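Each in structure tokens, the structures are laid out below.
Same chain, two partners: subunit A is paired with subunit B first, then with subunit C.
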Partner chain A sequence: MNEQLVITGYCCIRDNAVELDSEQLYRGSEHLFSEFSTGVYRHFSVNYPKFHKMDNLSRLGFLTTEILLGKKNVSGRYEGSQTGIILMNSSSSLDTDRNHQKAISDRSDYFPSPSVFVYTLPNVVIGEICIRHKITGEGNFFVMKDFNAAFMVSYISQLFYCDIVECCLAGWTEILGNDYNSVLFLIEKRKETVEGIANFEPSVAESIFKRR
Partner chain B sequence: MEELIQNLKEEIITALNLSEMKPEDIDAEAPLFVDGLGLDSIDALELTVLLEKKYGLKINTAEEGKKILHSVKSMAAFITENKKD
Partner chain C sequence: MTDIYVSACNIITPLGFTTGENAKSILSGITGIRLHEDPAISPEPFHASLIDTVSLDENFSVLGNPVDYSRFEKMAVLSINDVIKNTGIGIHGNRTLFILSTTKGNIDLLGSKPGGQAQPTDVYLWHTAQKIQKHFGFLNEPIVVSHACISGIQAIITGSRLIRGGFYDHVIINGTDIITEFVYSGFSSFKSLSTGPCRPFDKSRDGLSLGEGSGTMILSVSKDDSEKRPVTVGHGFSTNDANHISGPSRTGEGLYLAISKLTDREPDYPGFISAHGTATPYNDEMESIAITRAGMQDIPVNSLKGYWGHTLGAAGVLESIMSIWSLINGVVPATLGFTEMGVTNPLNITRSSIKVSTGKCLKIASGFGGCNAVTSFSVQ
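On to the complex of A and B.
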């Protein structure tokens, strides 16, 4: 059986814009990420009140996934246990860690916020996405200096070859202040080469990641 | 009491990031958890912090917390009865 791994879709949220499979779907003019992300939420008519309570990293990963999976009907084709989610970034949850630090820096006014504190781990974004899309398969969050396409392809290929996943959402979700960049790929198996669908290879992922 | 209830509604919206809601959307007597606003355990902790930070009041036991955080009205009653001016 000559199955190969292919990128059946990708979504980028960066530079105040949302792009799905190279087509720009939304451009905002907001300066703050919190405002931009609310603009995206409203533009795509997402109805998920928990979104408003999420930290910025979770908002970014959530929206990128929402737009990508919303067009691909993944939940209808795969069991949640067959779907994996592998994310990477360089700042971990530092964006929220700093907010938490502000809340606990003054011992005379010491009121850490529970709803901020719960986001002081980067893999919480994976949890938010899993809850929303009922994904129960392999989940992992890697922190690394730069996007490493070769690592991503190698790691995820192993998950497929070991029959751990049948479908995988993977990529880079980075935010620190108002600098954000989210590029997520949907990876599936195909028996034949399909025109317009790219193979899941480092050079292809790298090329999409660098395209601005 | 009415003024306190109105203030509490605004503070709850801010503290819990209920940005899509307005004070008038919150029924002061409706349960805050599960049925009413559908709040969760983290929200309960956030409301506990709100009472301590804004009104200097502590909830001592989980059982007490259940009664106090039942609704906006029960929170206002707790503040009215215990606030030291």
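On to the complex of A and C.
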């Protein structure tokens, strides 16, 4: 087998803009992430009412995936059970943790809510994406100080090598307050080198991540 | 497939600060769950399995100044220290990775500043992992796995994959979680907490009991010669129900898929299954459906939640260690709290401790976000 892993697409949502495969598709002027994300949702004519119930981390991961997979017809080519989602970030679910903490910090105004609490786990964004795209395969959420491209490539290469996935969505989805940065890669196997399609290597992922 | 050995396991819970102490209490039917009155966690008295702070600090004081470490860090450092003390494997080189498995880390420190809006670096999970890494002088930057209630199994699966891929020779896995007002209030708002000690798979089960714990194991390409009966870790898979973020699939779809992926590669049946068995009505029902669909309804199944409660991100590590203990010693504990079958697909739930002859077990778990995971362990 002479197959290699390639990045067949990537989507970045950061700095008030949406970029797909190095092409800027949208730029917003909103200061708050909640408003910016609603702007993205409307611009790309997404129709998914559950979006409005999601916390900000899930909205960010959901929108990045929506735009990335929307153009790639992945669900038509791979079984959901052979598709993986591997995400990483720095502050886990701290953005929503602060909201839950606020709801319990005052005993005279105590209102913990299950619809907030469920999002105090970072992997719930993976669950939201799985529901939307009928993905049932391998998932994992890693927390690290900075984006570690070498780790991502090592781990995901092993998933492909062991035939655990045929296709993988992976990358960085970070949000705390209005600081957000989402860079997701679509990784597939190719038998031969195709012009314009980059190999899935740490240096390539790193340079896409740093280009802003 | 490369053999990956599991060795030098430690468990810290209210039942003891070593695996041996925990196993002894469990086989005697002792539980760590009791009624607590602690307004810092809950306005009402509550059942949980909590580690005594005084005894934690006493034990920790030989390793460092208790005021320099958080409750979470003290538990993790004590557990890892016990493993390092007892292992025959050289883990201090650059071929070792430390993986921390946790859902919430030092989340108690989030509320320690007025208004709860402060975010000291201590609440970042990577910062906690780095602090533990520096305590022991591990060379590589640690990785945190935070994947709800399957975190522990995910950490074990991740570690074994990284070793099989040749990226590391040894992986130290620690799973830790503490019980805080943050966690208690959340599970309470979900109405998932039991009124008394939890009763896995029982007809009268009404929810889970929360528990604190820390567990550590070493995964390695090397066999630890000090272990009389070497244990290896098999394949592992995680799946997603793609159905609901806070409720398990009614058909057990994701868990069944995970078990099927494993049995496709390891057709030999296990001698027992260590279930997630949280004692919530939905979880246990879902597990019974998935296990039955996999044709494993006659295989002995146990849940350890009746002894330790649900230890969240530590659960997969603690319960795997106890399962490994069972493989080595040939005894699977009773499912404490279980008396009458309470799932529609009856399983072979252990009512008392039983002997096992086959040297293999499955460890399964499911969690929020629709996630499921499975791995296997075998004794040689």
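To be clear about the criterion, the second predicted complex is superposed on the first by the 212 of 212 C-alpha atoms of A that agree within 3 Å, B and C clash if a C-alpha of one lies under 4 Å from a C-alpha of the other, contacts with A are read in each partner's own complex, and residues count from 1 in each chain.
Simple rule for what comes next: contacts are C-beta pairs under 8 Å (C-beta built on N, C-alpha and C of every residue); 3 or more make two chains touch, one makes a residue touch a chain.
For clarity, every value in this text was computed on a predicted model and none was experimentally measured.
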Quick check on the superposition: with subunit A as the shared anchor, is it clash or fit for subunit B versus subunit C?
fit
Given the touch rule stated above, what does A:Pro49 touch, subunit B (first), subunit C (second), both, or neither?
first
Which angle, as a multiple of 10 degrees, do subunit B and subunit C span at the CA centre of subunit A?
80
After superposition on the shared chain, which partner residues are touched by A:Val118: those of subunit B (first), subunit C (second), both, or neither?
both
Tell me which of subunit B and subunit C touches more residues of subunit A.
C
Superposed, subunit B and subunit C have a smallest C-alpha gap in Å of 7
Going through subunit A, the residues touched by subunit B and also by subunit C turn out to be 112-114, 118
For the complex, which residues does subunit B have touching subunit A?
16-20, 38, 42-43, 45-46, 49, 52-53
Flag every residue of subunit A that touches subunit B in the complex, lowest number first.
38, 49, 52-53, 111-115, 118
List the residues on subunit A that touch subunit C in their complex, please.
80-81, 85, 90-92, 94, 97-98, 100-102, 104-105, 107, 110, 112-114, 117-118, 120-124, 126-128, 130-131, 133-145, 148, 151, 154-155, 157-159, 161-162, 164, 176
Subunit C residues touching subunit A in their complex are 43, 103-105, 107, 110-111, 115-117, 119, 123-127, 129-130, 141, 143-148, 154, 158, 161-162, 164-165, 167, 181-182, 185-190, 237-246, 253-254, 257, 261, 367-371
